[in-house]
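Questions regarding the structure given below will be posed in turn.
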Amino acid sequence: MIQPGDLIASLGSWLRGFLLSLGLAPGLVSVGLGLLPAILLPLIGLMMAIPLIWLERKWVARLQDRIGPNRVGPFGIFQVFADMVKIFTKEDLIPQGADKIIFSLAPVLAIAGVVGIWAVLPFAADVYGVNLDVGVLYVIAVGTFGTLAILLAGWSSNNKYALLGAYRAVAQLITYEVPMVLTLLVPVLLAGSMGLNDIVRAQDSGWFVLLAPLAAIIFMIAAQAEVGRAPFDLLEAESELVAGFNIEYSGMKFGFFYVAEFLHSFTFGALGAAFFLGGWLGPGSERFPILGVLYFLIKSLAVYFVFVWTRGTFPRVRIDQMINLSWKLLTPTALGLVALMAVAERATQGTPPLVHALVLLAANLFVLFFALLVMRSMSRAARERLASRQAGSGSGMVAVGGSRAPAGAASALRD
Amino acid sequence: MLASRGEEKMVPLSWYLVFSAALFSLGLFGVLARRNAVAILLGIELMVNAVNVNLVAFWRYLAPTRMGGQVFVVVVFAVAAAEAAVGLALIISFARLGRSVDADQADLLHG
Amino acid sequence: MSLAQVLFLIVAAVGLLSGLMVVTVRNLLHAALWLIVALFSVAVLFAMLNAGFLAVVQVVVYIGAIAILIIFAIMLTRREALRAGAQENRLWPVAGVLCALVFLGLAWSASRLPGAQSGPAQLPGSDALVALGTALVSPDQYVVPFEVASVLLLAALIGSVVIAGDRLRSR
Amino acid sequence: MNPWIFVGVFLLVASAVPGFALLFAKYLGPRKPTPIKSETYECGVETHGPTWVQFKAQYYVYALVFVVFDVELVFLFPWAIVYRRLPFFVALEGALFLLILAGGLAYVWSKGALEWA
């Protein structure tokens, strides 16, 4: 029987012994070892982009009945490396009239805004960067750097399309941040803590996706929009804005925006796994941290796959539909959900877990049902207004914007 | 915990206070010297932040057991957000009137 | 000098320098970006003061929301701003002297404050975040300011939409 | 150790690595700037007029609503972690807070400030 040793802990103790044998001061060694993950983890996070890009390209290709990269190496697994070589050796172009420093700063901010989240990701019971007591808010705070990066990129490029793309992008990101923050309140409510590892531990008795499926769904939609991928890829709509905010970027700088997008999607997958799918929890994960990491990766990839699936399947929505979906459907629904969940959770405190879970589930279904009911009546009214307008052509001005949207929202949700 | 490793020399409270005083004065200079209304608002934000640093420093150094200092900062955040929202709305509205964003020109109510 | 002091001096220097840039740079958008740097260094100071929640909220609220609102407003009023002539008031040297006096007065009174040279107090062992949450919602503590703040924000929302909304719409 | 030291080092590394990569790529790649090459890219058409096109003011209204919502929601997090230890009406207090928010949303919606057009 192999000793159930923690690989990372034993590695750490070996390293500590090695460094102490070199004659370094014990205090210095423990500080250095404490900060070692802070140096390694961002590197690991960045490196994760390499397999992810290959994986996603293959996945999307299969979903769309294509083959995907297949030239460089078996199954094209070395495609990303070839791309890296290409991107490293490309000329570093800065368009005329650009704000040079800000132009170069934006891609760095974009990467930092994604990789920074990895500092609080709980990979296993004892494998995490740091368990901040404000972890959830930290995730939101780091995410704001991504928004800032896009605004800076669009502004500094001295290009109309880049600027337009940046406006759109920022409008989309801030619009979807509201339902995102609201749904993140739900795991915090249920776990009674903002630390990501505490939230994972709180799901020992039941994954939060079972207690709050509606919150998980809203989280998924908002996350897809926050990353800016189809059907919410308006910020780089090729057919309208050429390439959006990163139009003037080439070479390594473009590469960073590209990497940031892929990593962002996966990071939201990991967050979804931690918030709703029980993170590293699973049989034997407490004793074997490596199993916990494995569970966490599998769950993250599962959520990530849903993101990729969505991306590969849906056409792009119109901008008014996109805005309306958030303000008029997701935000009110999430507001009602959080309020109802708080009351239901508090009211069923002390009852058996099954009753507790069933009450919360019922609250979710009630909110979902109510939202769908309101949406149906609204889209019916919109259809009637549209029909009457077509019948009596030009019989006065009719406000269309708001009414057309719920119909779009309805179809987005139904699928 | 940087500030509580007993033996080391701490950052004294006065450093925070001096920093906050300097930031406050810079903000005040921005408010007094700038003409553009948005720039004046930037100065106000600096002043508000200086006050927040003071509040948190006093909380940490003098009364970490009572949460009044932090609650005060939370309320200041809310007020700052409200101030920025209304202030910028006023400035934009004024600019849209075809005038300027020069604070000296805002004399519509001037008899 | 200890590590904490060096760290504080670096952060403070960055904050003050960017604060200076905010009030002197001609390009308003650059001023807003410098403001973001200043706000971030204040957030770092909050973290150094063991107020993690406030540090994170500073980033979320100030950098993520207010700074973006300001940048949008600058972009919206850019044409009007270009039309204006000088950036500074004629009396800006007077203002500079005045502000220097204010700084000296504040710094002097700060250094004379009892306990100004003291180190930080012992942190309570309990969770500061829980204490803050309890303080915010307990009726015998700060629930009234908390709810009033939310009503204030609601009023600000309504007010600014009334002020800006119609004018923006009619264009 | 203050956990924020870890976060600080982490963020520093996370932004230094791409920074160095950018520098590296800059010296690795060729550099032959020509006026044509550094022109603003608009799919081949020459750019016309100033870059600073007047943008849709509606974006500003969304930013406005967002600011108010963001600030209020952030303050709900401390409530969310303590409300279970406190009496029942504290949960209702948070719900009241959310109701105020919902009122704001309803007002803005009915005012038509959320319409895209």
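For reference, chains read A, B, C and D in written order, and residue numbers begin at 1 within each chain.
In this text, contacts are C-beta pairs under 8 Å (C-beta built on N, C-alpha and C of every residue); 3 or more make two chains touch, one makes a residue touch a chain.
The structure presented is a predicted model; accordingly, all values stated were derived computationally and were not measured.
Remark: among chain pairs C-D and A-D, A-D carries the greater number of C-beta contacts. In this view the innermost chain, defined by its CA centroid being closest to the centroid of all protein CA atoms, is D.
Our note on geometry: chain A versus chain B, Cα centroid distance of 33 Å, whole angstroms.
Chain C and chain D have Cα centroids separated by 17 Å.
Here the CA centre of chain A is 14 Å from the CA centre of chain D. Centre to centre, using the average C-alpha position, chain B and chain D are separated by 21 Å. Of all residues in chain C, those that touch two or more other chains are 48, 50, 52-53, 57, 60-61, 64-66, 68-69, 72-73, 75-76, 129, 132, 134, 136, 146, 149-150, 153, 156-157, 160-161, 164, 168, 171. Counting only residues that touch two or more partner chains, chain D has 1-3, 5, 7, 52, 55, 57, 59-60, 63-68, 70-72, 74-75, 80-83, 85, 94, 101, 112.
In chain B, the residues that reach two or more other chains under the touch definition are 1-3, 74, 77-78, 81-82, 84-85, 89, 92. According to the touch criterion at the top of this document, the contacting chain pairs are A-C, A-D, B-C, B-D, C-D. Interface of chain A with chain D (complex): residues 31, 34-35, 37-39, 41-43, 45-46, 87-97, 104, 107-109, 111-112, 115-116, 118-119, 129-132, 134, 136-138, 140, 158-161, 163-164, 167, 170-171, 174-175, 177-178, 181-182, 185, 188-189, 192-194, 242, 247-248, 251-253, 256, 319-320, 323-324, 327-328, 331-332, 335-336, 338-339, 342-343, 345-347, 349, 399-402, 405. Of all residues in chain D, only 1-2, 5, 57, 60, 64, 67-68, 71-72, 75 touch chain B in the complex they form. On the chain B side of its complex with chain D, the touching residues are 1-3, 74, 77-78, 81-82, 84-85, 89, 92.
By the touch rule above, chain C contacts chain B in their complex via residues 1-5, 7-8, 12, 15-16, 19-20, 22-23, 28, 31-32, 35, 38-39, 42, 45-46, 48-51, 53-54, 57-58, 61-62, 65-66, 69-70, 73-74, 76-77, 80-81, 83-84, 86-89, 91-92, 95-96, 98-100, 102-103, 106-107, 110-111, 113, 115-124, 128, 131-132, 134-136, 141-142, 145-146, 149-150, 152-153, 155-157, 159-161, 163-164, 167-168, 171.
Those residues of chain C that touch chain D in the complex are listed here as 44, 47-48, 50, 52-53, 55, 57, 60-61, 64-66, 68-69, 72-73, 75-76, 78-79, 129-130, 132-134, 136-138, 143, 146-147, 149-151, 153-154, 156-158, 160-162, 164-165, 168-169, 171.
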